[in-house]
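If you scroll down you'll find the structure; I have some questions about it.
By written order: A, B and C. Residues from 1 in each chain.
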Amino acid sequence: MSSDKRFKHLISIDELSKDDILYILKRAEEFEDIAKGKKVSKILDGKILANLFFEPSTRTRMSFETAMKRLGGDVINMTDTEISSVAKGETLADTVKVVSNYVDVIVLRHPLEGAAKFASENSSVPVINAGDGAGQHPTQTLLDLYTIQKESRLDGAKIALMGDLKYSRTVHSLIKALTLFKTKIFLVSPEILRLPEEFIEELEGDFESAELEDVIDQIDVLYVTRIQKERFPDEEEYRKVAGSYIITPQTLENAKDTLIIMHPLPRVNEIDTSVDATRFARYFEQSFYGVPIRMAILSELLL
Amino acid sequence: MSSDKRFKHLISIDELSKDDILYILKRAEEFEDIAKGKKVSKILDGKILANLFFEPSTRTRMSFETAMKRLGGDVINMTDTEISSVAKGETLADTVKVVSNYVDVIVLRHPLEGAAKFASENSSVPVINAGDGAGQHPTQTLLDLYTIQKESRLDGAKIALMGDLKYSRTVHSLIKALTLFKTKIFLVSPEILRLPEEFIEELEGDFESAELEDVIDQIDVLYVTRIQKERFPDEEEYRKVAGSYIITPQTLENAKDTLIIMHPLPRVNEIDTSVDATRFARYFEQSFYGVPIRMAILSELLL
Amino acid sequence: MSSDKRFKHLISIDELSKDDILYILKRAEEFEDIAKGKKVSKILDGKILANLFFEPSTRTRMSFETAMKRLGGDVINMTDTEISSVAKGETLADTVKVVSNYVDVIVLRHPLEGAAKFASENSSVPVINAGDGAGQHPTQTLLDLYTIQKESRLDGAKIALMGDLKYSRTVHSLIKALTLFKTKIFLVSPEILRLPEEFIEELEGDFESAELEDVIDQIDVLYVTRIQKERFPDEEEYRKVAGSYIITPQTLENAKDTLIIMHPLPRVNEIDTSVDATRFARYFEQSFYGVPIRMAILSELLL
């Protein structure tokens, strides 16, 4: 390993400077042809990644697996079904100590906030946080930023975040990162799922609550998240609210030509499938961009 | 990809002409030494296959995985245990759209008929049907044909199909394909599990219902399938019928020297293990032939 | 394959001579840099290993997978969750016959003693026993011996085995192997979990029951195993006994400077985590040594 790495582990987006982020996005761009299978790479030949998934997240696991294999590396999976039956009370510290003696990098998904940081303190190899409860999921944030940069623009963009702004980890991390880029952020959510006040107060940024119809003609990016039934006291209330946060071609009638719509996926019905064929949809591209972003991270940590 | 591919996806055996089938069987022959591990190949180096198995079929999954890896490619698995816990209501269309952005080919196993066709319409990469409910499982049919060609002969063969001819997807697909080769087909089944009349009527072929003992001295191929308890109204009836459809060395006393016995596996007790050591048994070879057949398909779709 | 292999399968440690064992340990040493990822090897390029795990043992599976992949080979997994849902009554013999036609070596984990031997009789490729019930787990024994040789010394060592000496498969296999090396063995266990008399009688060796505090100042190796609650008639009794078989820094006050502590892992609380930082702890190194040992076995069987 070279000694001038920008980071030794990837636990939280907060650890990255704006310069770090731009560096990763630039590297991701260079990996796109390999991610698409147009070019073959072997730069991670001989390297092994361990996916330690203490809760399921098939999409994220497959994306890391693709990134590693397309760079010539290999992957060993340890999924939650096995873990539950095997653990026999072993601590996360012991599991990480053992596995980090086998492989070159660990990707950890865990239901508890702080698990990734704790794992990195017990690991002899780099740890990448692939989501730890209400905590961080930094590669998701990076791929979101990459999508905005590629498909729209980052600096000075007008971005509407819509849906569950209270509990969504994805939204919280993205907002923090966006404040580095002088964006204007519109918050579009039901009363019960508004972004917490404390959250806004501790950030310097240009935030504004809004109804989607009032800003649709000026925004560059519409980022939609799922509204979960479990967040509502009763189902009647949920159905009423959720129904008015569904994107259809009609919702987009006054949108700018260059608007892009993003979603971390999986979606349920927040975005009607009839939107997929419009010029606005970018959520499948966004999902794909997870591969070059993870390639950029892996190559930074392993080379 | 070259533009002169014989097929873009492999959804149903019905889409293949006799010439296509013979071409695949010939290609499979060329892959046999690689399938056996006698020669190392890297022709699919850098390519990734995704096994999307919405129901378990370990045998089929392992066979595709072996084929891909022996050709230098790699594999990402998404199995039913994960799917059930992760899906969160995501549609098959969305799953396929996302995964086809990661990999070079998708192998789909799904409990619902028509799922493979639907997936191919939503995929940006080739889809191979590895069984969709009562629908098709074309690589099984191709390996069956390959076994007959290799171990006996296809053109003009006399073939007895025995067991569940009513519900068995394997049997239905094989029959359709066999009619391309001027075979004589004997149908050997309990009354309750006979081949549906409509099925015979729509095919041009030489079919005849028979008792096994009456044709055992003239057939070239005996294809045995499992009789499932669930098909019978009561267990007593099942036991009586199933018991008389078990192959033993005695059953084979009057068989031609060159008879071969096939079975799609897994077997329960339809073929007594004492038959394994006879010169007739070919079901383990048949299972192995799934590897070169899948190599032929993968190389056709990916090169 | 060369015809002068020392063994065709690896079913039991009892099949190996002292010379065989020393040969494997020497080979493992040669593989260490590759196991650590410091050197890249492709000696098993094109070879495929199948992990057939009829019960979970994630640690063992991952160790074999690492060993195979670090030597340039590839791996296909068939885990217990799939097996339970797919088996449909198929016999182990049939499963092994089919899978051995796909791959180059089978690693079998099975809950029933004798399963590995039986599998080897039905396999067309080498079978490695990765634990069969109360039976054998020879690669565990080999990595234990390798740890003692590397971190202490084998010939003439004084070794205390502590914990469950009655049921522990790990301990029984290790004891048998240690008698080849003129070791002095102290047996440290609760009355209810003593090493069976018959076991000692059939072995030639220097055995002695002891309390740990009486021998701690003279032993070279302290091998700790887990005491399982299920072995005790009531939980009160278990708690009393288990509590007095926990290693802490205090337990080790009079230990020789060169003492090493081993444990097959996972541990629950038999070794307090405060021991991890002492100069005695070697259980994580021991776990790592499973990789070069398995490399040595795989290269012996496959080259």
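Convention: a contact is a pair of C-beta atoms (placed from the backbone, for glycine too) under 8 Å apart; a residue touches a chain by one contact, two chains touch by 3 or more.
Being a predicted model, the structure only gives us computed values, none of them experimental.
If each chain is drawn as a node and touching chains are joined, the picture has every node linked to every other. Between subunit B and subunit C, two chains of identical sequence, the interface residue sets overlap only in part, with shared numbers making up under half of the total. If you average the Cα atoms of subunit B and of subunit C, the two centres end up 40 Å apart.
Listed for subunit C are residues 74, 81, each touching two or more other chains.
Of all residues in subunit C, only 45-48, 50, 74, 76, 78, 81-83, 85-91, 93-95, 97-99, 101-104 touch subunit B in the complex they form. Residues 37, 40-41, 56-59, 62-63, 65-66, 69-70, 74, 79-81, 265-268, 273, 284, 287-288, 291 of subunit A touch subunit B in their complex.
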